[in-house]
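Have a look at the structure that comes next, please.
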Amino acid sequence: MEQPGNTSKQNWKTYLHEVIFEADTAEGKAFDVVLLIAILLSVLAVMLESVSGIKAEYGDILYTIEWVFTVLFTLEYMARLIVVTKPWRYAVSFFGIVDLLSILPTFLSLFFAGAHSLLVIRSIRLLRVFRVFKLARFLGEASQLTAALRASRPKIIVFIGAVFAMTVVLGTAMYLIEGGENGFTSIPKSIYWAVVTLTTVGYGDIAPQTVLGQALATLIMILGYGIIAVPTGIVSAEMSKAKELHPVTTQACPHCGAEGHDSDASYCKKCGGRL
Amino acid sequence: MEQPGNTSKQNWKTYLHEVIFEADTAEGKAFDVVLLIAILLSVLAVMLESVSGIKAEYGDILYTIEWVFTVLFTLEYMARLIVVTKPWRYAVSFFGIVDLLSILPTFLSLFFAGAHSLLVIRSIRLLRVFRVFKLARFLGEASQLTAALRASRPKIIVFIGAVFAMTVVLGTAMYLIEGGENGFTSIPKSIYWAVVTLTTVGYGDIAPQTVLGQALATLIMILGYGIIAVPTGIVSAEMSKAKELHPVTTQACPHCGAEGHDSDASYCKKCGGRL
Amino acid sequence: MEQPGNTSKQNWKTYLHEVIFEADTAEGKAFDVVLLIAILLSVLAVMLESVSGIKAEYGDILYTIEWVFTVLFTLEYMARLIVVTKPWRYAVSFFGIVDLLSILPTFLSLFFAGAHSLLVIRSIRLLRVFRVFKLARFLGEASQLTAALRASRPKIIVFIGAVFAMTVVLGTAMYLIEGGENGFTSIPKSIYWAVVTLTTVGYGDIAPQTVLGQALATLIMILGYGIIAVPTGIVSAEMSKAKELHPVTTQACPHCGAEGHDSDASYCKKCGGRL
Amino acid sequence: MEQPGNTSKQNWKTYLHEVIFEADTAEGKAFDVVLLIAILLSVLAVMLESVSGIKAEYGDILYTIEWVFTVLFTLEYMARLIVVTKPWRYAVSFFGIVDLLSILPTFLSLFFAGAHSLLVIRSIRLLRVFRVFKLARFLGEASQLTAALRASRPKIIVFIGAVFAMTVVLGTAMYLIEGGENGFTSIPKSIYWAVVTLTTVGYGDIAPQTVLGQALATLIMILGYGIIAVPTGIVSAEMSKAKELHPVTTQACPHCGAEGHDSDASYCKKCGGRL
């Protein structure tokens, strides 16, 4: 790996790209850590502003912090667009859209009074945490997790479909058994209760009162207790399968810095350089 | 695969069968998608009718929608009976019965006032969603899931039996410890509480108040937390076993359209044609 | 297998043993099914007696039923003792003790007024359900489950010990943070709350009110969500291991009726007869 | 293994080390069992003191018990420091710090009135239970568990990070949908609710009241029900992997008493002696 000092001879774009997008050099690591802290502080400020007591006392400071971070993130977003060779491809990528969405609400609040309701989009900024995770070896693990989850997606969709159909049938049954006087005022509300029960959440805001209702609820709970095994079994099987077939090494390519190579790979799958 | 246009030369029954039961041709796919949307709208209408505010305002429209869908589904049910070569075998199959049950309640409501209580049978209509899933490759996944669940059924029954015996013993103990003044008014109600606790649902409508009761409840919760591992372990083991022995391919036979072939199969297990 | 009619030439003890303890002959099966129903009815009577409304109206009938079943079960217990060759060994076995305990409370209620509090022992009678399961092939499955659970017992004990230590530390912390005015009146009660939270039961009878308490509760919940994986992982690993090493066949020995043979066994492990 | 009687010829330090740190000799076992009971009684005394009724009546006795145990544990801590060859290394080890922290609060209570709030540190004493577990074969199991958990740590951290980001986004959404009048008074409180729901704890102290809120809550619950599979899958895969690669024997080295050897080991990995 070359010394960062050598980069002064190279194009400044390449150097900036290294700092902003990579985490292999000292500057790149520092940039990512600072960015992570800035995101956390920014989200914290949004959270604290929602607490009425704090807003009354420190509302002005929080408003200033929000604008400072928005300006900083806007500059960062522009730098990212300038630095990459294909700006449009970055702009429409998942993280590109998240980057845009996390600065827009503050600007929109100048024109629309309902800016407060757009704060929710801003909190997606936290997802950036995973990009910063690149500085650790967590990316390999995350990609393995994602692969196992993607492989088990069709089975999970079938399962969630079956669970949903079940809650519709059981919720309707409870609506007929318990009726409105016990809190089961409509079929949608009864389905809500069935989901609360089947997933073992159990708020207790609505609870069966009749003997027949409690008997059916008992059945639903044991059912829910039993079928929780299904997604776990699916993911377990996929995960142990994935581990056997594709053990990923945490080694980064010395030439291009690409990660997530198979443990039996001899050449980088991105640049073809010897590992 | 033959062009749908060629079917005009064939028997119209074969063509209709292709459209209604299969999802390989453009018409078949369109039919299934339309049917899926119709079922969803129909169930939605039944749900909305149960919300008192909506019923008061849009009751007449929802009543019309219910009848329109019932007539459509009745025509579809008749078409299915005419099209298949063995109508009786279809009529007594699981989906045949579901198809009949999802149109009956509306007709019965003409003769019986308690038609409202038969709405629950109608919501089973949603299970048809899985038939429509045939258009995706989900059928293979569903059959794999079902196979793993069927294989683990005896163990699950033993497990649920053990859990039920446990809740009877623990529920009775709590009835004796807490007594009626703390909500444990009878043994059945205490068993209901034990199931609520053991399955980690925890409504909180009944909760132990005495020190001894809370100590026993603590024991039950840790027990429930521990034994939730058992069904998961059963299904996990069966699922990874099933995957190793019978990896199912999503490839459909080009001759007969049958799905669910083993990945090492060279000939269709239904028609013997080369895959 | 010999015809039941031939048994008239054999010792009547052997015949009765076959009927009472085995489920291979028609008489043995019938006896077990009748016994199962009798146990269920008896437990149901005890349950119904606890419902105040039902006791007021049908108390006398339920009292008679209780005595009838007690007399029947006493006769059965005596028959078991007479029939086996080593009565003492049966009497001190698990099911022998359960058999005795399920008839004692009724007799004790003649001398002690607090007989009501002994009803809990009677409900253990339900565990007999598993003995009757012998008539199905569930015994093999149950023994497999038990083997997997026994193998994972040391790990589970370590895990439950760790969870208990964790709840003591976390419960004490919550007691100090929240204090008595928010329901955390003592350390034992706070530990009870910590178990309720960590096991994801969540009654809601006690819930944190302060910001710091809610933050710690959030941590406990995510912790509990994470560590629920541990017992599942243990049992899953043991279960898939057990299946690979010791696949149990459900075939019963034609000579002695012993069950639970390994699938590669050629001779009965109890009597040495050819399978 | 040498007779304890022979130790009189050896250095008394070596003998005391054997008694205090090992559990192979009769004296060592007795010491560990007595210590375990002392820790349990001491923690029990602290717990009981927090119950207002008990403190009023037995406060003086409990105060005396606290001081007696503190003096005993102080003597034990000093003995440990004297006996080991490298006292500083022990003092900064995990159990060394725990030993110190479990005696400090009582002494500190002489100078500071807020001693009551330091009781929480004392309850960490219970973690010593695991040291005493050395006398059983549980240590091997615990080390296996720890190894599997350590191996799955990076994946679990990624997972918990993802869950946390999810609760921030979903909590903020619920804050905007439900608003303060339904209990969602601030974003932090809404995040607390999202964690309570996603982890299926479900206290019910805050519950959605609007139709849109209940719909989103339904989504969160099904999501939580699905993703609970992820940590389980991770740990399951690691645990079955760990078992296959490193089966640990419970045999202790006859020369040095070291435990946790691999089952195919012929020589002790600590002293090189023949096993």
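Quick notes
All chains are identified by letter, namely A, B, C and D, in their written order; residue positions are counted from 1 within each chain.
Note that in this section a residue touches a chain if its C-beta (ideal position, glycine included) is under 8 Å from a C-beta of that chain, and two chains touch if they have at least 3 such contacts.
According to UniProt, the chain labels map to these proteins: A, B, C, D = Ion transporter.
As the structure is a computational prediction, the values presented were derived from the model and not from experiment.
In this structure, the chain pairs B-D and A-B differ in their number of contacting C-beta pairs, and the larger number is found at A-B.
Counting the residue numbers used at the interface between chain B (Ion transporter) and chain C (Ion transporter), under half appear in both copies, so the two copies meet with largely different residues. Which listed pair repeats C-D comes down to matching contact pairs by residue number; over half match for A-D among A-D, B-D or A-C. Comparing mean CA positions across the assembly, the chain most remote from chain B (Ion transporter) is D.
Spacing of chain B (Ion transporter) relative to chain D (Ion transporter), judged by their CA centroids, is 43 angstrom. One inter-chain figure worth recording: chain A (Ion transporter) and chain B (Ion transporter) are separated by 30 Å, centre to centre, where each centre is the mean of the chain's CA atoms. The set of chain B (Ion transporter) residues touching two or more other chains comprises 159, 188, 191, 200-204, 228, 232-234, 236, 240. Of all the residues in chain B (Ion transporter), the ones that touch chain A (Ion transporter) in their complex are 43, 46-47, 50-52, 116-117, 119-120, 123-124, 126-127, 129-130, 133, 136-138, 141-142, 144-145, 148-149, 156, 159-160, 163-164, 188-189, 191-192, 195-196, 198-205, 228, 231-236, 238-240, 243.
The touching residues of chain A (Ion transporter), counted against chain B (Ion transporter) in their complex, run 154-155, 157-159, 161-162, 164-165, 168-169, 172-173, 175-176, 180, 185-188, 191, 197, 200-204, 207, 211, 214-215, 217-218, 221-222, 224-226, 228-230, 232-234, 236-237, 240-241. Put simply, chain B (Ion transporter) touches chain D (Ion transporter) in their complex at residues 200-204, 232, 236.
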